[in-house]
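So, here's a batch of structures to check.
Across the two complexes that follow, chain A remains constant while its partner is chain B and subsequently chain C.
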Partner chain A sequence: MIIHALAFYLFAAIAVASGFMVIAARNPVHSVLFLILAFFNAAGLFVLMGAEFLAMILVIVYVGAVAVLFLFVVMMLDINFVELRQGFLQYLPIGGLIGFILLVELLLVLGGWASVPHVASSGALPIPPPEQVTNTHALGHVLYTKYVYLFQGSGLILLVAMIGAIVLTLRHRPGVRRQDIAVQTYRRRDEAVEVKKVEPRQGI
Partner chain B sequence: MTDTIWQTLWQGYIWPGGLILANILALVVPLLIAVAYLTLMERKVLAAMSLRMGPNVVGPFGLLQPFADAVKLIFKEPIIPSGANKILFIMAPCLTFILALIAWAVIPVAEGWVISNINVGVLYLFAISSLGVYGIIVAGWSSNSRYAFLGALRSSAQMVSYEVSMGFVIITVLLCVGSLNLSAIVEAQRTVWFALPLFPMFIIFFISTLAETNRHPFDLPEAEAELVAGYQVEYSSMHFALFFLGEYANMILMSGMTTILFLGGWLPPIDVAPFNWLPGIFWFALKILLLLFVFIWIRAALPRYRYDQLMRLGWKVFLPISLFWVVATAGFLVAFDLLPKGV
Partner chain C sequence: MTFASLAPVYPELWLAVAAMALLLLGVFRGEGSTRLVSWLGVAALVVTLVLVRAQPAESQSAFGGMFLADGFARFAKLLILIGSGFAIVQSLGYIKYNRMDRFEYPVLILLASVGMMMMVSANDLMSLYLGLELQSLSLYVLAAFKRDSERATEAGLKYFVLGALSSGMLLYGSSLIYGFTGSTGFVQIAEAVKASGSHASIGLIVGIVFLSAGLAFKVSAVPFHMWVPDVYEGAPTPVTAFFAVAPKIAAVALFCRAMLSPFGDIAADWQQIIIVISALSMLLGAFAAIAQNNIKRLMAYSSIGHVGYALVGLAAGTEEGVRGILIYLAIYLAMNVGTFACILSMRHRDSLVEGVSDLAGLAKTHPFMAFLLAGFMFSLAGVPPLAGFFGKFYIFMAAINAKLYALAVLGMLSSVVSAYYYLRIVKIMYFDEADEPLSKPLRTELGAVMGITGLFTLLFFVYPAPLLAAAQAAAKTLFP
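This part shows the complex of A and B:
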């Protein structure tokens, strides 16, 4: 399919270009917006591979929630990015090293080089062909049977992270008047209103 | 030789492409007309609820009012503030409008009447509706104005908060259906609409759609009394119109989503003679219209929530209730062995 190939090159090219712009853009808000564009094109690539569930989850989780909070924070920060860039050369060796390691890892995965051969074979669970099940079902079957402990474990890690964030930011300030809706709705008229007989020229 | 190339081009690309284009036009043109008349309906209904006449000068019963509004907005001068980020400033309303339209690609308006019947229709809708926040937040930031930015911040916090409970509501429905396909969800409601067995979730979902579309009583992002229209404050002319149309298209979209998830989509209320003679699209449109009327009714009836009340409702009321209902529904389905035996 020509259209398929064209779509792939379009998505891939935009993803790479916007990935570059994330680090090249002067304005941090533009960086985040380019990051969102990159996520979006990655989702497009997933759709081309037939992994529509992963594509939608990528958009919902990363674009719809994570990047929004990211944008939220970046918009309110007052950072001088020109100043931050001063240390560019200083951090170049370590950044380059990390990039190199990632590149080597990617090449290892792509090259299919198995350091422990039996691990690779046991990871491949027989998945029914896509004509029989949708990939949501296929993913669910694998995730909730073979990898259920890993799945639950990652859930617990997220829970711990969430509780940690709450503990770090929770503080009880004294003197804050909070609205207690239960108290408000249970208040009766005779508790709230006092009827007084006012004598003329006397006042209360 | 050239003949066969043209033939393959025609059969493989041009004809199907044209067909898709025709499908899209057949959906978008009625949708835009519906959006235009929704604005009129809102003004008429609001007027009736406060014992006024509403627009009644342009055309019979004011029926041409939407077109008069459109012409007026087109002829206004588009103003771009000098401190604004120009590209993003123009991009934001376009984004809002585009997102409001592309979600309709997966909505089945009647049996088999859908542009793209994809497997993960619900997730697609959820993803698109969660993207709606970008139009607002980009508009607020690029306007370089305090009011607009405050509106954008409020709106992003609000939409992200209410998406969480919306997600749980959708999960409950999916548990009962066993498929993410929107047509399958409607078909699963042949016996009973999900609004009845899942009534609390229906209410939560509807209120969450109010928050998701920034409608009353959750219209804090554009609170006209404190933020002078929030993120739209710097916009004029067609830029403003795109926001306006996008918002109303979103209202119709969210009503459509509620209809599909809870009110049985294109299915008639009871499957007997006089009701199932009517085509499915009639029932679909009628249910959407009913929900839209409730949208407007709520606007006329309820005051605006305060910001902390809004957050409390989302996180402390809706989230626990919907989480409980997910667990309860799953438990019920497992206990009575009612889980859908899907593919």
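This part shows the complex of A and C:
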């Protein structure tokens, strides 16, 4: 139990610290690397809670795809982040004020929390004990039965995103050399090789 | 689950599969196939229309109550399908001459229609959001479809950023509603609201406020209207014509369902929000359009005003109000499609023009088009006996019966103000001399669209009974 608690505090502390470093680091590449560290620690927290599937997805999707994409963007776009951050102190008072007001509002809302009777029983699905069924199994079980409509709907949205990306960026440039294996193999010797008679000391 | 239990979803299934098949057809046939894909897309929409009409009259739900095909949804779906079909037909000429005739264009309109149909059938916060995103994402791409034009890409990007913001607000509201009622299904939320007595908890109200802010953005009601004039002006004209009709109808219908179906019992708690945004939209639509010289910008402000009128019916919160909204939307569809068909025919030699003053002398060069455009303008202003008058009439009658006298008076005053800029267009067409008259002959399909919508607008008062009866039956299903 003590190891469990120690691991929790270790992961949580590193996650919070690296989250802070994401916005505090001077070098944007360092920011993204700290973001990756935060993702790894959040995955560790998921493992501690017994949500191993979410932990792996977090690592694969966020670290493997999203964060690497961020790194590419940060490295390819030449943005001067120091310049972007120049007005920071100037906007700090008003930003802080708005943040404070939002915090107070949230506290007021949560202070007035009164959940509806039988809220526990009206939940979407009963949760089986984790010993009986693995995460992956449980998710798959509801995702492809009860929530198949939402699953397919998300599929359509991703299709639109794909069409959109192609429509807005793909350009057919004329004169681009592409490999065409059939043409290559059908070439005959006399098309490809030209024999020239070179006179001495003349060049071609 | 058997295949027969999917019966309520057949129209959406068919349209989604048809869109994907047309996408494949376009990919294999290459760039020259836009015209074919467009007409096949119109055919797919017509088949969907038949499938929607063929559904039995009673309400059916599917997927554990997430999807609801009732009379209200079916009425809205018919309007959406008609609007999308007209949008494809209208754009055929434009996309050809402006070198944006890629086959993805009709496919994206079809996918947006699927999203809109999912929206109006949503009976759960999750399916609501999915439908909304499917529709919005297609619209963002369409707005930026003319990718070499700086204004179009700016419009697309602006729409995308602000749309993402509004989706965030909507999701935040949904999460609060889920947290305070313990469910995302509209039926279960309604039960939970009923169980907690006449007064909702403050958390639930905050959730409703955020939800309605997100939806108000999608219907472009004041104060969430900032994007509309810029996007309408920047996007290619046929895309603007599409934006102004089908997505707006879907969003207003979704707004009605998302407010009335789960929160009908605490109407007093959210009615004031609707009253305020409706009054502001009517006023802004009336006054801000006066100074506009670009006809697309003018139509943008006009559409903000019309959303304000439609929301008066929602503010009433009664069956009569919803009936008024449905009638209003049907008439709005005809007037706007017709007006945009006229705008799409405005050209000097080869380039399309969009200034209001370019319409000068239209009555001499194109008397047929000028007559119809004058009819649409009178109808948009709400002059009897044209169709637009009846739309406003039923809305304001519902407001007066719900004792919202101030809102009804405000609506009438603002429609008087808005008559100024509608009638100014008529004056320019008939009495001003043109420097350079609009030259090109009318395209056949635009003329046909103008003719159909013009006939509806001009002659609605002769035989309004079928529309009234259909709207009445549709509104009834929202109030069990």
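Assume the second predicted complex is superposed on the first by the 145 of 204 C-alpha atoms of A that agree within 3 Å, B and C clash if a C-alpha of one lies under 4 Å from a C-alpha of the other, contacts with A are read in each partner's own complex, and residues count from 1 in each chain.
Keep this in mind: a residue touches a chain if its C-beta (ideal position, glycine included) is under 8 Å from a C-beta of that chain, and two chains touch if they have at least 3 such contacts.
Since we're looking at a predicted model, the values are computed, not measured.
Colleague: Looking at the overlay, what does A:109 touch: chain B (first), chain C (second), both, or neither?
Modeller: Only chain C; A:109 stays clear of chain B.
Colleague: When the two structures are overlaid on chain A, which partner does A:99 contact: first (chain B), second (chain C), both, or neither?
Modeller: Touch status of A:99: no partner.
Colleague: Check whether A:160 is in contact with chain B, with chain C, with both or with neither, and answer first, second, both or neither.
Modeller: Touch partner of A:160: chain C, not chain B.
Colleague: Just checking: does A:140 make contact with chain B only, chain C only, both, or neither of them? Give me first, second, both or neither.
Modeller: Once the two structures are laid over each other on A, A:140 reaches no partner at all.
Colleague: With both complexes overlaid on chain A, does A:150 touch chain B (first), chain C (second), both or neither?
Modeller: It touches chain C, and chain B stays clear.
Colleague: Which holds for A:71: it touches chain B only (first), chain C only (second), both, or neither?
Modeller: The first partner, chain B, only.
Colleague: Does any part of chain A touch chain B in one structure and chain C in the other, and if so which residues?
Modeller: On chain A, no residue contacts both chain B in one structure and chain C in the other.
Colleague: Considering the complex alone, what residue numbers of chain B touch chain A?
Modeller: 13, 88, 118-120, 123-124, 126-127, 130-131, 133-134, 137-138, 141, 149, 153, 156-157, 159-160, 163, 179-180, 308-309, 312, 342-343
Colleague: Across the complex, what residues on chain A touch chain C?
Modeller: Residues 108-110, 112-120, 122-124, 145-146, 148-150, 153-154, 156-157, 159-161, 163-164, 166-168.
Colleague: Provide the residue numbers of chain C that touch chain A in the complex, in ascending order.
Modeller: Within the complex, chain C touches chain A at residues 1, 9, 16, 20, 23, 62-64, 66-67, 102, 104, 107-108, 111, 114-115, 118, 126-127, 130-131, 133-134, 137-138, 140-141, 144-145, 147, 176, 179-184, 188, 192, 195-196, 201-203, 206.
Colleague: For the complex, which residues does chain A have touching chain B?
Modeller: These residues of chain A touch chain B: 3, 29, 33, 36, 52-53, 56-57, 59-60, 63-65, 68-69, 71-72, 75-76, 132-137, 179, 181.
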